[in-house]
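Shared between the two complexes below is chain A, which pairs with chain B and chain C, respectively.
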Partner chain A sequence: MSSIYEEFSNIPESSMNEIKELTKGMDQSSRKKVLKRVSEEYEKAKINPGEAIGIITAESFGEPGTQMILRVFHFAGVAEMSLTLGLTRLIELFDARKSPSTPLTKIYLKHGYKTDVDKVKAIAASIKETKLKDISDEFSFNLTQFRIEVLLNKKEMKELKITETHVVNVLKESLKDLDVKDDNGTLRIKPKEKDSLSGLYKLKEKLKYAAIKGVKGVEQVTPVKQENEYIIYCTTDNLKDIFKVEGVDETKTTTNNPFVIADLLGIEAARKIIIDEAVEVIKNQGLDIDIRHIMFLADVMTNTGVIKGITRTGITSEKESVLARASFETPIKHIVNASLIGEVDNLNSVIENVMLNQPVPLGTGLPDLVATMKEDAVKGKKK
Partner chain B sequence: MFDVYLNEKFVGNVENIDGFVKDVKEKRRTSKFHPDMSIYHNEEFNEVYINTTKGRSIRLLVRVEDGKSLMTKECVDKLVNNEITWDSLIKEGILEYLDASEEENALVALDENELTKDHTHMEISSIAILGLLLSLIPYSNYGSSSRLIRGNKIQKQSLGLYSSNFHSRMDTDVSILHYPQRPLVKSFMHDVLNYDKHPAGQNVVIAIMSYKGYNMEDAIVVNKGSVQRGFARSTFFRPYLTEEMRYSGGLVDEISIPDKEVKGYKSETDYRLLEDDGIVYTGAKVNQEDVIIGKTSPPRFLGELEEFSVAASTRRETSTTVKYGENGIVDTIIITENEDGNKIVQVKMRDNRIAEIGDKFASRHGQKGVIGMLVPHEDMPFTASGITPDLIFSPHGIPSRMTISHLLEALAGKVSALKGLQVDSTTFDVYPEEKLRDELEKFGFKDNGTEIMYNGITGERYEVRIFVGNMYYLKLEHMVANKLHARAYGRIQLLTRQPVEGRGKGGGLRLGEMEKDCFIAHGASLLLKERFDSDRTVLPISEKSGLVAIHDIRKNKSTCPLYGENVEVNNVEISYAFKLLLDELKALCIYPKLELKSKY
Partner chain C sequence: MVEHTLIPEHKKLNEEDSEKILKKFNISRKQLPKIKANDPAILKFEPKKGDIIEIIRESPTTGKSLFYRVVA
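For the complex of A and B:
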């Protein structure tokens, strides 16, 4: 029974399982026919050796890229939450910028949370970062005592469920060397070591932005209802801290920064994010680029285990040939470095051969004549 | 206290800003201040700006008070009867000049019907909001603005009678249209401009239909019979100029037939058209690269003098030749002197241009296109009354561009041709469409301008009625004869040995970076190599040093620049540009060593 499948070992496992399912109840000969046909089609769909996939991918992006609108914003459900899309985002993605211009995290919630409006709201409120200036009315200096006095807004604090003792404890913990006291709604903050006046002023600015509650860097939080469940959008890529929040479904929650994903979930996940983000941009522009081109790009960017952009410092710097590297931005740097260490260029790739006007090793230029010649025949020819 | 600025400089403060502005304006209106001066009250910052500088564009408007124009019928009558002058109206404050900043404080009405109590000014005529060329477009209030702007631009490129003394002028790159006509559909502006004295187009019968696909993508099909009868013929003029320069040391240029000893002497046939004075004769038929003014110049560096004994042989050939790709007949020759007292020779060449496939034409509505096909008169479709259109315009050009004015012109043109009168279609004051339809019906035509037509080749009747009308068409200055270019071999650059660039020099057409990528994407490796073979060179490479060796053809011996003779040298075929790169690396003290390996 299994022998018939072994005969067509080129068919991938998933397809094979599908065929097995579909051909149930067929007799052996017609099943073989099906397998033969699938095997043939599979071979046909394979890319031929010597196909210039890199250039074809570049052209597949380049042509629709000319029709792209430069900078587009997309609103994720709510108007105040905008997301850069369009060519800018695509460039940002493929250049592998460390942080996106509009970071966004899509928080999915666990069972028991995702349909409960009150619980969702509570989680959203706990995620949003609250700074000291958000819950206080006034920052003033008391120069006689050499301290800063902060008048807290009790109404605001009540709404956000923050107590004075919490504020004091958080401040003591986050800003060291401070003497923080609460005096009936007024914080008296004094540096333990006596500082200059400008130091005190700097401390005041620092205090204004001291985090009291929530996840660091989260400025906006918006819960959105999507098909019977609530999803929380927030403008951050601080996934690490969000995972710590209770009720967050770590298996589904994502962010649009592949670097964060690579750190937290591994390079394969980062590759997936690059693909998803690129597909999203292209779809949004009403364009159609085959996903395999995008997958190929993502593979090239991630195959070393770290994310490398398609830039002169990224994957292009890893080209073997000096001439190929020199032909793409900063040629002097590459030629100088190559000459210092006496680099050898074996002219194995495309661009070097174009420069020398030799047939490029692609397509019809790839196959070589292989023939064993007698030693003296070769010598005789040279003479 | 409000700040007052005079010509962007702070001059002082005023207490009552509105009173101050009003006062200044009043003084200007009563000629106490110059009418060019402007005053602008910035209401946002409560500052007053007074400007008297030059370079501000100012506009003349009629003043309005209490919703009534100060330009009364009385005034107009007096003006018509020459009792008062335009200037006196400005002096009296009936008309007023506003600059861009003062316009901010004004509310300008388009015409008298629009006036309200709030208005401060009114346009002299509603057409004044349009520019000169835009007001020449008939029915432009029925067109879309983007197309009108294009129509505007196109009119500047049209050929016509640009100047009646063109014979004695030496303008570069000009053409004169043969048999220019007054437009059947004109606007008020045509009269103002004396357009009848210098028209720039011709009236043609157009049919809006498709013709075998030869008018797709904005192309037009033109009746060959019309062209043979003189439609869209023009003469192209090209002047050439040479100056007999004087140099230091008493050396001078000489306009004459160059001596055979001269450096860079062409050939006797090249100079065949020159008369004894070294200049061509009028009426000579000249082709590209023919010499039309023979000239020799002294050597560029004095040092060259000593090398040769014969003085003539050191002179350089600097004759003027007909430009690449051009030919024609010598029209005018002018010999004169310039302000430095140097002799100047100007030769004007003329070329008759008959409309051909690729020449650009346009109507006045931004509807431009090139001739896609010239159809013999007998093959053109004809109407029931026997009219054959001069031009067939594609219907696909209409819906997306919404140039209704184009269609209305054709309709009005038809009425005009039937009536024998020009139709006035001044913007905002057009001859109404209903009237056009009524009149067409009276002449026995369908009121929508369509007619029954027959296929010119088979004689069959077309199932649909076809829109036929008369339009004013412009021949534009972009003619294929000035643009056509192809090259197989020719001049190359000295440095890279690649073909030179540009049509004027007979250059190549570059196969660029993206085209290269296309060849690679197709895997057409050897085709790519062949395309880039323009600077192919065979270099002897020394095996030992990896450098380019020196090959002596006479002795058939190669020498390595590092190890001398008796080294193994092999020939390698590469692009010259790469050899140049190697040389430049050597100049940077980098040793590019080529390691040769047998391919097989």
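For the complex of A and C:
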């Protein structure tokens, strides 16, 4: 039964499953006929060697891109969260900017957490970064004792489940050389070494923004109900620290920054997130670009094992030919550098051959003539 | 080990299979796409330079699809 499918191993899995479904109840010989036809058609539908797929991809993105341009600065997404959408986001993604302008992490929760509203709220609260100024009412100087006094807001602290001793311990750890004491809701902070007055003032500013609790950089946290479970959206790409939070499902939680994904989960995961993000943007705009183009772009971007953008510092710098690199951006820089180190251009690619008015190795220009001469013919010629 | 829905299955090919793949596509190792030796998804194989990694992707168009990367 299975052997007849193995014969047509060139048919991709998804099409094969479809055929299996459609040919139910057919006898063996007619099923084989179907498979043969599909196999032939599949071979015909394949892209030919030498086809200029890069330019097809560029055109496929270019045309819908002109429609996108009119609706760039839209703010949408979940709850009050703003998200960069449209062409801006697409450019950001394909240029491989180190950090997105609106980082976003989508946190999935583990079993036992994801349906419990109270637990979800507790996790959301524990993720949000709390600074000292968020839980205190007043910062004041006591100049006679040369110290800073911080009046803590007990009500706020109770809500966030923070104790005074926790605050003291965290401050002692994060800011060295400090003498921190808690006196019934008032922190008395004194630098161990006697400092100038302006030093004390700088310390006060530092204290205001000292992190007490939560994940670094998380400003906004929004739990959202999706189908039967809760998902938490938060404005950060600090996935590493989010993974450490209890209750977070680290096998599903993702962020929209491919670089963070590449660091934590590898280049294949980064490729996947580039595709997912691009598809999301395009779908959001009500446009339709075949996913194969996006997959191709993501493949090119991750070809070297690290993410390279479609820029002059990214994939273009990987090109072998000097003239090809020079034709994109900053030509003088490339040509001068190449002449300094004596680079050789083998004219293997398209653009350098266009420059030199030669046939390009594309389509019908690709194949070279290879002939095996018959021995007698060679001998005959020599005579 | 790192596990995530975004990471497809990675497999390290043995010497014999590696040669088969190179022969099948008629290419040298240098021409394959690369993967870093310290890539989190392949750390468990203790990869060495030149190893070929087979990646079994779940493609939205073809279902299961095979991809190869060489450790660089």
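To be clear about the criterion, the second predicted complex is superposed on the first by the 333 of 383 C-alpha atoms of A that agree within 3 Å, B and C clash if a C-alpha of one lies under 4 Å from a C-alpha of the other, contacts with A are read in each partner's own complex, and residues count from 1 in each chain.
To be clear about the criterion, contacts are C-beta pairs under 8 Å (C-beta built on N, C-alpha and C of every residue); 3 or more make two chains touch, one makes a residue touch a chain.
Please read all numbers here as calculations on a predicted model, not as lab measurements.
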| item | value |
| --- | --- |
| Which of chain B and chain C A:Leu264 touches, first, second, both or neither | second |
| Chain B versus chain C as contact partner of A:Met355, first or second or both or neither | first |
| First, second, both or neither for A:Lys240, with chain B first and chain C second | neither |
| First, second, both or neither for A:Ala52, with chain B first and chain C second | first |
| Which superposed partner A:Lys206 touches (first chain B, second chain C, both, neither) | neither |
| Chain B versus chain C as contact partner of A:Glu250, first or second or both or neither | second |
| Of all residues in chain B, those that touch chain A in their complex | 516-518, 520-526, 528-529, 532-533, 535-536, 573-575, 577-578, 581, 585, 588, 590-591, 595, 598-600 |
| Chain A - residues contacting chain C, complex | 12-17, 250-252, 254, 261, 263-269, 272-273, 291-292, 295, 299, 302-306 |
| Residue ranges of chain C touching chain A (in the complex, touch as defined) | 2-8, 10, 33-36, 39-42, 55, 57, 59-65, 69, 72 |
| Touch list for chain A against partner chain B, complex | 50-52, 55-56, 58-59, 335, 339, 344, 350, 354-366, 368-369, 371, 373, 378, 382 |
